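Each of the next two complexes has chain A plus one more chain, namely chain B in the first and chain C in the second.
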Partner chain A sequence: MSFERSADLVIVGGGPAGLAAAAEAGAVGLETVLIDERASLGGQIYKQFPAGFRVKRPDRLGRHYSDGRKLIDAAEASGTEIMLESVAWGIWDRTVAVYREGRDAGTIEAGQILLAPGAYDRPVVFPGWTLPGVISAGGAQALVKTQKVIPGERILMVGSGPLVLAFSAQLHQLGANVVGVVEAAPFPRFSSAARIGAAASGNVRQLTEGVGYLRYLRSAKVPYVYSHVIVRAEPGANGEVARAVVARVGTEWRPIGGTERSFDVDTICVGYGFFPSVELSRLCGCAHTYDENLGGYVPVRDADLRSSVPGILVAGDGAGVAGSAVAVQEGRLAAITAARDSGALSREQAATRARPVRAKLRRLQRFRAALNATYAVGPGIYDLYEPSTVVCRCEEVTAAEVLENIVAGSADPNSVKNVTRVGMGQCQGRNCARQVASLVAGKAGRRIDDMPSFSARPPVKPIPVALVAEERPEEARKAEVG
Partner chain B sequence: MATAGADTTDVLVIGGGMLGCATAYHLARAGVATTLVERDEINREASGTNAGSLHFQIMRQPDYSKERLDRIRSTVEIHAEAARLWSTIEGDLGCDLGVRLGGGLMIAETPDEFAALQEKCRVERSMGLESEILTQADLRANYPHLSPDLLGADFCGDEGYANPLLVAPAFARGALAAGADIRLQTEVRNIEVLTDGRFQVSFPDGGIRAKRIVNAAGTDLGRLSGLVGHPIKVIAHPLQVHVTEPWPMSLRQLVQHVGRRLTLKQTQYGTFIIGGGWPGRFDAATGRKDVRYDSVLGNLWVAAKVFPFLNNARVVRSWGGHIPITADRMPVMGELPDVPNFFVMHLSAGFTLGPIAGMVMADLVRTGQTSLSIDAFRPARQTELVT
Partner chain C sequence: MSNAGGRRLSTHGDVERGEPIEVHIDGRMTQAFAGESVAAALMAAGIRAFRTTARTGSPRGLYCGMGVCYDCLVVVDDRPNTRACMTYLKPGMRIQSQAAWGPRENVDTTADGPR
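After this line comes the complex of A and B, so read on.
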């Protein structure tokens, strides 16, 4: 069974950016469809409880929950048609190909497309990173948030940036045994604290939240180590992680010999930031630029959030990781741009509507820039592997196998992908692409931002043959050649 | 032995696809100073983007006129040699190339198609090709995963498949080990024939002087031959291929369809490769080869119709490729008529013949002789077809 339909605006992604865009698009009268692959709205950050859970006392779930709920309620009330458990697996010009898990597949012809795909945890390759018990901070947070499950009994948090801080405090508040927090950035100097403080005007909530978490962890006597990164995870007798070894690093995040220390753990949460999900924007042919602090390759956008491809806009973390507050405002702005470009709003109406949104964005982005400068990712993050370390966990390809198969001075990760299968598995390279690019760049004496990406190819998520297959005319009988 | 980066060489091979790499491999192993230049990366075009089928049956013909039969007959010998070579190639190159020679089934769904298969099989057997007709009962008894609705098949035991991602790179590595020089990201801009008969070849940054040239440049073949006065027409047909996640082994044969676009096989990794030449999309502005939405749907539909197990599978990746073919769809192999020491090679739909063609071309370049006849593939035929 297949469907064919159309809409003024198709929004891909039901996180903060997509939800805010849906509310705004509905308010200005665009016929809008929002697609999300999960069973409920909210994205990663405002992930809702699964079916079977019922919220009786929303007031006890905190401001975070109510922020998310408000965004979802506004989107649902906006007249936007919401398609859940729906995967946008490819985009051809303005046609979005969708399948609905267990149901059907089809296309939506879009006047315009807003990509709001969000971001995913930055995978970090170090010896032992694939051991059971080593999990991403975002994954752990999802467990805690939606299932109220604490992932282990001796948890070490390693990573960098505000999320590591916030999540460590939240975990501890829920009664978890957090044996330590290992932050890669140095102890905030006066200059960076002042920079963040200065940028915080109008961002008081973000700043006070951060200070509150820090104070909490200190009073709870959770060891908080600065300028250290994870260098190794070691298994116990049961094959699961039992020890985490960390080491002091300099500004480039390169471990300094003789500074190792270890923690006895059963869980390591790894949170060195996020990668934007650029699979769809790359598939659409949008121009991208490289910025390690925004998470790597990010789509190039104009001031109104249009990509380089007409009719394709991008908002939120999928355009560079900047957090949910920025994503909400970007979602609004992108919807206003879409309304203007489709003629639903006049130029003047759009400018008026966008003015307060732009003001909020400017303020938030100042704060974000100060944070980014403080928590900038060091290039040493790519050099934590040993030759025997698995780089591609889907296809179980080691760093040594990648390096041995870079031949004839090749400076293209696609070549080594083809011969080793690195990046060819279920995750389609999301986890290993950058580490492979770094290995190829290193061998070629080039920089990682000078490397081509793995080729963008549909489907961006695996597609069920049974749902998608459909008889199509064969334009000519089979040619004489095969 | 070619010195890396040197400005002279004996043989310059242009093109880092399977043909260029295989030729360079055999030349270097025979001690010829060989340099291979590739405008992009090894194996990035047709050699690496096809579905890896090893076809030895003949394709269904609209008729079996004398002219068609002669053409088919002219390729029988090289196909027989190719079949022999694929059965030993992994040992020769000392690596796993995913070669599986479990035979190939060309299946029929309708009575017309089945009749066409039977006629085709008679022609094959008359030419010494060992194929046989399987009935619906044979298929149901021996290939339980195929749709029970199929009426029959033409089976050829030599057929199978190999992993196209591995073959050209294996030849390239072998060529490097034997002393060839391989230069990537090196596009040929101009070729000048010097008074002493040698060639001065220029790249965007530099150049090389070569005694002999092997033009194995795929879609760029015509332009490069044109530089020495013999343009050859090569048309690239964009197509697409799909791969599923891995499953336990249930298919050991190459499956193709006599009346529809389909090739299907299950690789050593358990993944299913679904191809058959459904049209892809080529963006001339960016050079990007993409898949087409309707071709994805149609190709998967045909595949699942023939092999219903695929209804359990998911496609993890699709890619666009192309198949560069000559005007008469025949291979081209030989020296240009009045440009001595300039050799051209191209195989329309050539994955199956790639390794044998590299070996034959290396012989021709080194000795002027070949062990099997390639008369029918002489480039003069193609240059006549340009206009």
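After this line comes the complex of A and C, so read on.
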């Protein structure tokens, strides 16, 4: 079974950026298809309750629920065709290859492609990070918010930034036992508080929310520790996590000896920010640049959100982590650009439509820049491993094995990949690529932002090899070895 | 039914879970709710080690929770390497812990993993 079709605009990703883009594209008359791997729209932040759950009191579900619902309703009413449980596993020029498990597969010839893939929790490699009970903060949040299930009985939150704060408070409010919050950044000094405050004009809601969460956790007597990072997770007799060890850090997030303290836990939620999902933009050949505070490699874009490859636009966290409010405005702007480039809008019409969007973006980005400066990720995040620590979760390759197999003088992570299978498993390097790059960089005396990534290859997610052979005979060989 | 106790949180009437259903977890009939993911049903049942790895036999469970890491693999209705976090329950579904690349009771560590 296969399909072949076409569209003016294909949007990959149904989170805030993709949804806002769909609504805008529909409004200006582009024939649009939106593809998302999940069973429902909303992406991570606006993830909906699953089919079967019934919402009884939408007014009591909070701002995120109502904001998400509005975006989804607008996208669904826009005339955009929405393809759920559909994986965009490869892009060749402007052809998007789609796989729908248990149903069919096919291709869409796109006039233009908007990548809105979002981001995923930064995988942080520390001893014990593979133990059951060590969970990404985003994953834990989804479990709690949309499945109403808690991951454990004694939860420690470790990480940095406003989401760690917000999620800790939400978890506790819902009745979970949060034994502590461990923030890597220092207690906000007056200068950073003032910087955030000054940038917050017009962003008051974000700021007051943060203050409210802090006050809540303080009144609930949840220990809140600043300037500490996770250094180790230790297993109990059942092989699951039983203890978290944290240590004080200096300015670069490097643990200071003799400052360790431990928490008895059964769950550690790890939230040190996010990595943009750049698999598709890299596969398309878009130019990327490295910015640790935006999450690492991010596609280079012009002021209208075009990538370096004609016809490929990128919006939202997948182009640099900046949060849902920015993602929404970027989605709108990218759709306006697509409409202008396809001739659906004149230059003047596009400029008029884009003006209020750009104004909102400027305001939001000021606030974001202040937050990023306060919660900047320290380079010590890459040095928490021990030699025996598994770096590649899929292929179970340790840090020592990676270090031993770095070809003398080589500054390319791909050479280690070929020898050790690091990065060759099912997650396709999403969890280990950066740690490997850091190890190779360290040995080569270079910086991580000066390192190439693992090569981008289709399929960007595992799919049946037979399918690739059928759809793209010329790619089958690559997929089998990839 | 809004609150099933244990690791299922009370929803305070804001949301109702789906209909109660029964699924098989490692051969044991287990109560769950329509709409729950396989991962949520396992976590709610207190099961956090979903599988053991091929090379070292280490336990693994839910990690990224959003379909990226492929660590929460289980066998669902005889289909191995199924992401628990991205798969939703159906009545009577058979969920098995995975060892290497197959169900735990039928370990074949010589088989090559999926690529």
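Criterion: the second predicted complex is superposed on the first by the 465 of 482 C-alpha atoms of A that agree within 3 Å, B and C clash if a C-alpha of one lies under 4 Å from a C-alpha of the other, contacts with A are read in each partner's own complex, and residues count from 1 in each chain.
Please note the rule applied: a residue touches a chain if its C-beta (ideal position, glycine included) is under 8 Å from a C-beta of that chain, and two chains touch if they have at least 3 such contacts.
Note that this is a predicted model, so its numbers are computed, not measured.
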Partner chain in contact with A:E37 - chain B first, chain C second, else both or neither: second
First, second, both or neither for A:S410, with chain B first and chain C second: first
Contacts of A:G442 with chain B and chain C, given as first, second, both or neither: neither
First (chain B), second (chain C), both or neither touched by A:G285: first
First, second, both or neither for A:S455, with chain B first and chain C second: first
Chain B or chain C, by number of chain A residues touched: C
Touching partner for A:R393 - first (chain B), second (chain C), both, neither: second
Partner chain in contact with A:P188 - chain B first, chain C second, else both or neither: neither
Contacts of A:G236 with chain B and chain C, given as first, second, both or neither: neither
Which of chain B and chain C A:G90 touches, first, second, both or neither: first
Chain B/chain C common contact set on chain A: 424-426, 462, 465, 480-482
Chain C to chain A touching residues, read off their complex: 7-19, 33-37, 39-40, 43-44, 48-50, 53-56, 58-71, 81, 85-86, 88, 113-115
Chain B-touching residues of chain A, taken from the complex the two chains share: 90, 92, 95, 97, 107, 285, 407-412, 414-415, 418-419, 421, 424-426, 428, 455, 457-459, 462-466, 468-475, 477-482
Residue ranges of chain A touching chain C (in the complex, touch as defined): 37-39, 44, 49-57, 60-61, 120-121, 123, 130-136, 138-140, 142-144, 147-153, 174-176, 238-240, 277, 390, 393-396, 424-427, 430-431, 462, 465, 480-482
Complex contacts: residues of chain B adjacent to chain A: 41-44, 48, 53, 55, 59-61, 165-166, 169, 172-173, 176, 182-185, 244-245, 256-261, 263, 269, 276-279, 286, 288, 291-298, 300-301, 303-304, 310-319, 323, 325, 329, 348-349
